[in-house]
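Consider the two complexes below, in which subunit A is the common component and subunit B and subunit C are the respective partners.
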Partner chain A sequence: MFEMAKELLKQLFRKPFTNRFPSKHVPKSTTKLLKNVKEGMAKVNRPVPIPEGFRGKIAYDKEKCIGCKLCIKVCPANCYDFLEKERKVKYHLSRCTFCAQCVDVCPVNALTSTKEFLLSDYKTH
Partner chain B sequence: MNSGKIIEKKYRERKPDKPVKKKRDRKSYSLSIGPIHPALKEPVRFDLKIEGEKVVNVDFELSQVHRGIEWAGTRRNPVQIIYLAERICGICNICHSACFCIAVENIAGIGVPARAHYIRTIYGELERMHSHILWAGVAAHELGFDSVMYYTWKVREKVMDVMEALAGNRITKGIMMIGGVRRDIKEKQVPMLKEALEYYKKGFGKLGDIFLKDPVIKSRTVDTGILSKQDGLALCAVGPTARASGIKKDVRQDAAYAAYSDLDVKAITPKNLLGEVKGDVFDRIVVRLLEVKQSVEIIEECLKQMPKGKIVYEEKIPKLLAELRSVEGDGIGRIEAPRGEVIHYVKLVGEESPFCWKVRAPTYNNLLPWGPMLMGEQVADVPIIAASTDPCMSCTNRAVVTDGNNEEVLDNEAMRRLSVEKTNALKRRVGR
Partner chain C sequence: MSLKDLNRSLWVFHVNSGSCNGCDIEIVATLTPRYDIERFGMKLVGTPRHADVLLVTGPVTRDMEKKLRRVFDQTPDPKVVMVIGNCGSTGGVFYESYNLVGPVDRIIPVDVYVAGCPPRPEAIIEGVVKVWAKLEKRGEKK
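What follows is the complex of A and B.
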């Protein structure tokens, strides 16, 4: 275990490898903290940059949609419901697997991948 | 009251049984591990017969996690199935989706562009690196070296970041498409990939030192869980499990797919490093670590040779689906996954969805070799031997030891404690 012991001793003097939370403790007021950060009075750990082409939550532009149903055809998780009256689709985030196949297939770019990934919430609707 | 008296009388009248002394020179216990067990990762129930600490007979039950993925596949079109195939195994997601794509391409006679072949190869090797490093961490955890586990997983994080930057997703990358791949590797992404490869070249030596030079890991793994070459061949072991027993079996070498025909890939056996083949757990560690090194070399070679051009046969998916709808026939896809050979069988009958889809994952083949591996070993070695074939995941484990009326529950923690105790005892013996 000599090799590992060396590595562990080195690790003692290094920063933790994990991505850290913005601040050590939960601030009493988030807006105040953000204000302080702007003025340079407080410091927060910047979030890790999201790579280009990240497949986050899918944004749906209802105006652009022409109701061609291609997204319904390729979606592996049956995320999309077709609204007969409006000839538009309804996107169910809870079923989405973020494969972004619908983004590729959409002929009018009504669907786009956003960088949003913090999607868990207490509100279910 | 009356009835009570009668019972009392009856009880008194009964002649006491003579204590029969059964002469048994052997006392074998039955030890049941699973179906759900963290060391096993995949729900499978072991029924071990043990004498003291020694395992004398091995039996196991399968089929506790039938999810009906193949059934679900026959109700979807081929493009939807790619993403379903990815979810067969989180760690081997590239191989399953690529394997399905190859099977469908074989049926429809779709030609894949050369650049797509190379991109598939690069993703396959990145996945192999991440899977093998992850396994090394799990093996260290089973031996009781948790700090080694955290260290190896820290090393693994780099390849995960690279995959996220290349594909957009960390685990289920959704990169395969029938007739090619969905996303190109852009020029500006190449330096990042090369930097990661340099990191692994540098870090590999250290990882190798930690795993291969440590006397305690050596004494825990050398000569444990031996799978002889004959047994390996007879029981159809695949992947690193077979190669660690000296069987030169590798789909990349035997039936080259994607860009492997342009690359010189040779099956790695422990002979390359140690000079001899034992087929024990240590050999399996050696093979996997050498394969990480091999993967780095393959990716470098791919980046050098990669031609420019199209990345997919048909960009318009409705057109592709229409073409697949008119095809009839059956095809097989074979791919070397991190754990061994994956086979997908697909039958198309000119309909929207395939008539039949069958998947044979490598773990299925690597289960039977558990028999000869576990025979004659100690109970404390069961987790590391079971983990040494890298069985696919699903957790929380408990075992019940039954000795007539006495029941003792050995949960995962207890099993691991046994393993850790053995390591500590060895440490004392080795003098560290």
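What follows is the complex of A and C.
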């Protein structure tokens, strides 16, 4: 009996486990909220912290790239197109599986994994 | 269609059109207390006839093409289609499969694409925010 009361009291003062991303409830106007967030007037709750070694969107440094085509060879999802004229590659986010094999194989470190993962959009890339 | 036409909680029907189950697990994860999408009034329903939003995962296999079309037709009309995961938006790793009829947008019109393989639950929630913003913008134009 007392054990239960103890647990009850503990639960009463504990914060809920829910991560309230991006806001606690539905805002009255989403467009207004998004605009306010852009201007820095309002804040949204942060997402759950991502684990170490997370493989997010791949960043491509065009300057560093030497056009060796290794990333194209190693990619299981065919997410790189080769640009013949410039001898560079084009990265397609919507085809990527985020395996980061291209990051491992790139000899000049032109490709790196970022921690970006909020990637929804109205069109494919 | 705008948010005024859809003046209610969005109910969601989930169609698996040949997905590897990674995205499906992430959709279920958004329903868990950690992310708790029910605080926005959303929930998974058992039939497309009750749904406002279709969540489509997976590239469309030959078997699922007709069924996906049918599910889309069964959903009552102010409706939104979200594609979860890269398979649905471009084919992903299955891009050269003999059994692929094409990405989802070749079969039904899609409103929002959530990229990721699989996307994290927050990314799915962000996709929902995008849906909301799109509906509101359509409402303003009217």
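FYI, the second predicted complex is superposed on the first by the 81 of 125 C-alpha atoms of A that agree within 3 Å, B and C clash if a C-alpha of one lies under 4 Å from a C-alpha of the other, contacts with A are read in each partner's own complex, and residues count from 1 in each chain.
Basically, contacts are C-beta pairs under 8 Å (C-beta built on N, C-alpha and C of every residue); 3 or more make two chains touch, one makes a residue touch a chain.
Everything numeric in this text was worked out from a predicted model, so none of it was measured.
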Subject >> First, second, both or neither for A:K123, with subunit B first and subunit C second >> reply: second
**OP:** With the two complexes superposed on chain A, say which partner A:I72 touches: subunit B (first), subunit C (second), both, or neither.
**Re:** neither
**OP:** Check whether A:F17 is in contact with subunit B, with subunit C, with both or with neither, and answer first, second, both or neither.
**Re:** both
Subject >> subunit B versus subunit C as contact partner of A:H25, first or second or both or neither >> reply: second
**OP:** Kindly classify A:V37 by the partners it touches after superposition: subunit B alone (first), subunit C alone (second), both, or neither?
**Re:** neither
Original post:
Can A:G53 be said to touch subunit B (first), subunit C (second), both, or neither?
Top reply: first
Subject >> Comparison of subunit B and subunit C by subunit A residues contacted >> reply: C
**OP:** May I ask you to decide whether A:T97 touches subunit B, subunit C, both, or neither, giving the answer as first, second, both or neither?
**Re:** both
**OP:** Residue by residue on subunit A, keep only those touching subunit B in one complex and subunit C in the other, then list them.
**Re:** 17, 76-77, 97-98
Original post:
Okay, in this complex, where on subunit A does subunit B touch?
Top reply: 1-4, 7-8, 17, 51-55, 70, 73-77, 97-101, 104-105, 113
Original post:
Along subunit A, where are the residues that touch subunit C in the complex?
Top reply: 16-22, 24-26, 29-31, 34, 47-48, 50, 76-78, 92-98, 117-125
Original post:
Of all residues in subunit B, which touch subunit A in the complex?
Top reply: 76-77, 79-84, 87, 145, 147-148, 151, 154, 157, 164-165, 167-169, 172, 174, 182-183, 206, 209-210, 213-214, 216, 317-318, 321, 427, 432
Original post:
Which of the residues in subunit C end up touching subunit A in this complex?
Top reply: 33-36, 39-41, 86, 89-93, 95-96, 103, 105, 111-117, 119-120, 122-127, 129-130, 132-134, 136-137, 140
